[in-house]
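Each of the two complexes below includes chain A, the first together with chain B, the second together with chain C.
What follows is the complex of A and B.
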């Protein structure tokens, strides 16, 4: 204690203490606010009745989506019609931040969602009310941890997904700047919804092609790969020999040449 | 004499009386080697080879080179119960259930990548310094053979685990084989013992990978080193260094210590990489089945340029007389690499024919002092680099937000346009460097120190070069262009064939140099 109290005399003591205090207060506030908002928004989804959700969804849609998708979601120009896409599609596109789109590039980019859970649910309900379509799921409805089988999921993944999403689910290139995104850090329900709705360049994997149980297997395998400790050292992005070759040439040969220069330098 | 020395002398004497080794040892252990970091690139190759032999032997203790179908029961849970080949299962076993197995696998793979990278770096050093010139043309050809074998050996090793990534590579190798006109399909059936994949290729590849090719390797490396020993090592020009001597340190103790130490450093560093950087995580890729494929399937870097060539070739096929010829595989997969490696192997002969220089050379060229050769090397490097970049076009597209089609078109055009540009630019840079050397010899080093003279004039102080440095910058020779004889010795006009014209043109291009300062010029400057 005596040692610590010595620092009180230091001329930086007060500014540093102030900065620390402000930082702590800010961090606590941000964390608390985010937690409260998410809980609030979840509680709202559960408590709200369907009619209010649809009504509010329609309002959000008119404000945020109708400029491209049309006032009645009938689609216009580049934006497709949303009649019949179902709540699953909305939950995936809006829940992963792809919609509203950042720009009209080749493909909608995954980014932090613009709408919170309540607003997303309202939008989904509204779109689902236009015509029947695939239903959105909650993470709780998908019991992949209990029912999934990683080994079977891995085989299914290599048969159906790896040709675009890469053998380790790291994503891969498609034509003309389109791409299959990485599957790391994606909510299980979003993976499920992507399979049943086929967003962007992805085909639909209906329940007859890949059964619901098999979908859980695939999710389980993806989650196991994602959470696997990096066995044998840093993973270098898991994109195969390209990064390995780069490291061999730069750090590998580079360091050895450095040693060779050192070994042959004249003693001073 | 101390007792210890007497004892050592007695042992040495005992051995000498029985083997006659003393005379040979005295000659051998005092052999002199020149010292330069670029001469150690070949050593990295040699040491990586030893590391590969050691770690590879360890892996053979557990690897099962068989395509027998088994059900996985090891400790990697996400593959529990999956059907796979015994080769893949045993690789998983090495990775997860053998103590130190994963480390050894990773050391083996990293050593292979460094082995080939160092080999290419060594080749570049030999090329750009002109170390391949007479009398070392044979050793150059052995080196090209070693590189070719190294690429094949690396590819076979990469294929052995029978995972989904490497199986894809084998499939492409099969496609390239089948692209050979007429005999292609027979050849493929012969290699795989029937239709792809069959049950034979893993055992066959294994025999080639652990026995046949390493055997040839050992023989060729021995020949390579014996020739270096016999012809003596080349050296960079400098005061006291001539075509007739070698300036450097004796093998014992200096070079022995340096080389021995360097071996352990290379081994240690490779082991470090094996411990901290994951390589080829086959457990994520899954077992090979011909029906499956993954995005971003790439070969190891030394095959990447071939993959890039195949990726950029337009889809051209012709059908004639009941045979299909896939030009889109045949040209990039066989014809272009064949031409490239042939040109590379023959380059020493081409150069000596074109320049008419048939003399022995033991002093190396500084790359700038042979602008034509350096530019040719830069051109070849640019070609390979463009194709290598296209080999990773999908990863570049994803990670740098580009379109794969644009990268492909960039490579298709760039592979023709960029190498000539590299040639011209490199040649100009070399000539500019020669000009800088000339300035330096004539006017000394710029010191950046301005002095005002009493009458108000400002001058920059130049420090004259040391005689050693000046010698280094001026000792190279500048050959004049070959005068193409127009008539033979009896005065009859010689026919002007295309060969003569090519030779004259090349020789003119090769003799394009910035004249080095003459003694008269230097004296004139000194008078000022």
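What follows is the complex of A and C.
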């Protein structure tokens, strides 16, 4: 204490203390508000009835989505029609923050979602009410941890997903700026919904081609890769020979050249 | 103007190191070498400690490496430090403190002395006579036979370089008229209704009963099934008749180098080969629109059988995969 109190005389003591206090208060408020809001919105989803959800979803749609997708979700120009895409598509696109799009680039990118869980559910209910389509899921509905088989999932992944999403699910490039995103840190329900809806450049993997049980296998395998420790040292992005070669040729060979120069230089 | 030959500059004058003249510098170099050796000793201690003290399944999180195995990491690190710093210490010692006089050592003549050569020949002759090489003809001949035959065996193995050619094996796949399409993996037959518009399926043929699928089979038979809206096709009537309700089937083996072409962009209807970025347009019978592939992917004619499952209605019209000498393709 005595040592700490020496700093009280310092001319920066007060401003620093003030900044620290303000920062702490702000951080606590933000964290608390976010937690409260997320709990509140989850509780709302559970308690709200369908008709209210559809009504509110329609309002949110008119405000946030209709400028591109049209007032009746009929689509226009680059924005596709949303009639018949189902609530799964909305939950995936809005729940991962891809929609609303930040700009009209080649591909919608994953970002923090704009709408909270309640608003997303309302939008999904509204779009689902236009025409039947694949249904959105909750994380609780898909028991991948219990029913998934990682070994079978690995086989399925290598056959159906690895060509675009990379053998370790790290993502990869497509044409003209499009890319297959990384699958690390994606909500299990979003992985499932992506398979049944085929968002953007991704094709659809229907329930007859990859059965629901097999979809759980794939999710289990992805989650297993995500939590796998890197026993071989640095993973270098798990993208294979490109980064490995680059590092070997620059760092490895560079170090060898350094040693060779030191070995042959004359001591002074 | 006459050219002056360049004078031999001789050896450069010897420059003494600091440690040779300044005892303080020598002391400092000595300490540096000792420090390097001590570091090596610490590395060995780390190695022993990791071997004994760190459990084999102990994981540790490091900023760049991520979560990794501590036992292995510190074993390797300890051994690397231990060996590298012994070497570094030895080199530093030699460079700074050991004598650095420059000595010229003239090369010796390679040829042995005449008397040594004569003695060698005499020994060989004498020993040969004692062993009776000239007398025992049976041994001499059988040895000759065995050595000769042993020399022949590598020549025999060269035979396989030319004799058998694959014949028409490369042009044949297991797809025949009426072969059912099965999901890969899973081996389930597929109905047209199983594929939504925008869907793909990885497919292999149903093999005759009793025949087991080998990797060679998969390498030739792999098929990609894609469903788009029928009006999006831009095909001639023959090729259009090879599709079924918007479902089209292509060989998955790239016509360039044989990689698996399976990156399908639903939005553009393009198929991409991951190896050399050849791009095929699904709506125009896999026409090459970018990249090194010279030919479109072979298309498999499909229809449904009496039970409503998708089947091949004919074999591939050409050999799948990359070019080879006898390949018959337009």
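Definition applied: the second predicted complex is superposed on the first by the 258 of 268 C-alpha atoms of A that agree within 3 Å, B and C clash if a C-alpha of one lies under 4 Å from a C-alpha of the other, contacts with A are read in each partner's own complex, and residues count from 1 in each chain.
The criterion applied here is as follows: a residue touches a chain if its C-beta (ideal position, glycine included) is under 8 Å from a C-beta of that chain, and two chains touch if they have at least 3 such contacts.
For clarity, every value in this text was computed on a predicted model and none was experimentally measured.
*Asks:* Determine, for the superposed model, which of the two partners chain B and chain C contacts more residues of chain A.
*Replies:* Comparing chain B with chain C, the partner touching more chain A residues is B.
*Asks:* Name the contact category of A:229: first (chain B only), second (chain C only), both, or neither.
*Replies:* Only chain C is touched by A:229; chain B is not.
*Asks:* Thinking of the overlay built on chain A, is A:248 touched by chain B (first), by chain C (second), by both, or by neither?
*Replies:* first
*Asks:* Just checking: does A:238 make contact with chain B only, chain C only, both, or neither of them? Give me first, second, both or neither.
*Replies:* First partner only, chain B.
*Asks:* After the superposition on A, what does A:110 contact: first (chain B), second (chain C), both or neither?
*Replies:* Neither partner.
*Asks:* Once the structures are superposed on A, label A:257 by its partner contacts, choosing first (chain B), second (chain C), both or neither.
*Replies:* first
*Asks:* Looking at the overlay, what does A:154 touch: chain B (first), chain C (second), both, or neither?
*Replies:* Touch status of A:154: first partner only.
*Asks:* Per the contact definition in the header, classify A:164: touching chain B only (first), chain C only (second), both, or neither.
*Replies:* In the superposition, A:164 contacts both chain B and chain C.
*Asks:* With the two complexes superposed on chain A, say which partner A:175 touches: chain B (first), chain C (second), both, or neither.
*Replies:* both
*Asks:* Both chain B and chain C touch chain A; at which residues?
*Replies:* After superposing on chain A, chain A residues 155, 159, 163-164, 172, 174-175, 230-231, 233-235, 263 contact both chain B and chain C.
*Asks:* Which residues, counting only chain A, touch chain B once they are in their complex?
*Replies:* 106, 150-151, 153-155, 158-159, 162-168, 170-177, 179-180, 221, 224-225, 228, 230-236, 238-242, 244-249, 251-253, 255-257, 259-261, 263-264
*Asks:* Provide the residue numbers of chain B that touch chain A in the complex, in ascending order.
*Replies:* 35-41, 43-44, 77-82, 95, 102-103, 106, 109-110, 113-114, 117-118, 121, 164-165, 258, 261-262, 265-266, 269-270, 273-281, 283-286, 289, 291-302, 304, 391-395, 397-398, 401-406
*Asks:* Under the definition above, what is the set of chain A residues touching chain C in their complex?
*Replies:* The contact residues of chain A facing chain C are 152, 155-156, 159-160, 163-164, 172, 174-175, 178, 198, 200-206, 208-209, 211, 214, 229-231, 233-235, 262-263, 266-268.
*Asks:* In their shared complex, at which residues does chain C touch chain A?
*Replies:* Those residues of chain C that touch chain A are 17-19, 59, 64-69, 72-73, 91, 95-96, 183-186, 188, 190-191, 193-202, 226, 260, 262-268, 270, 272, 274, 277, 279, 290.
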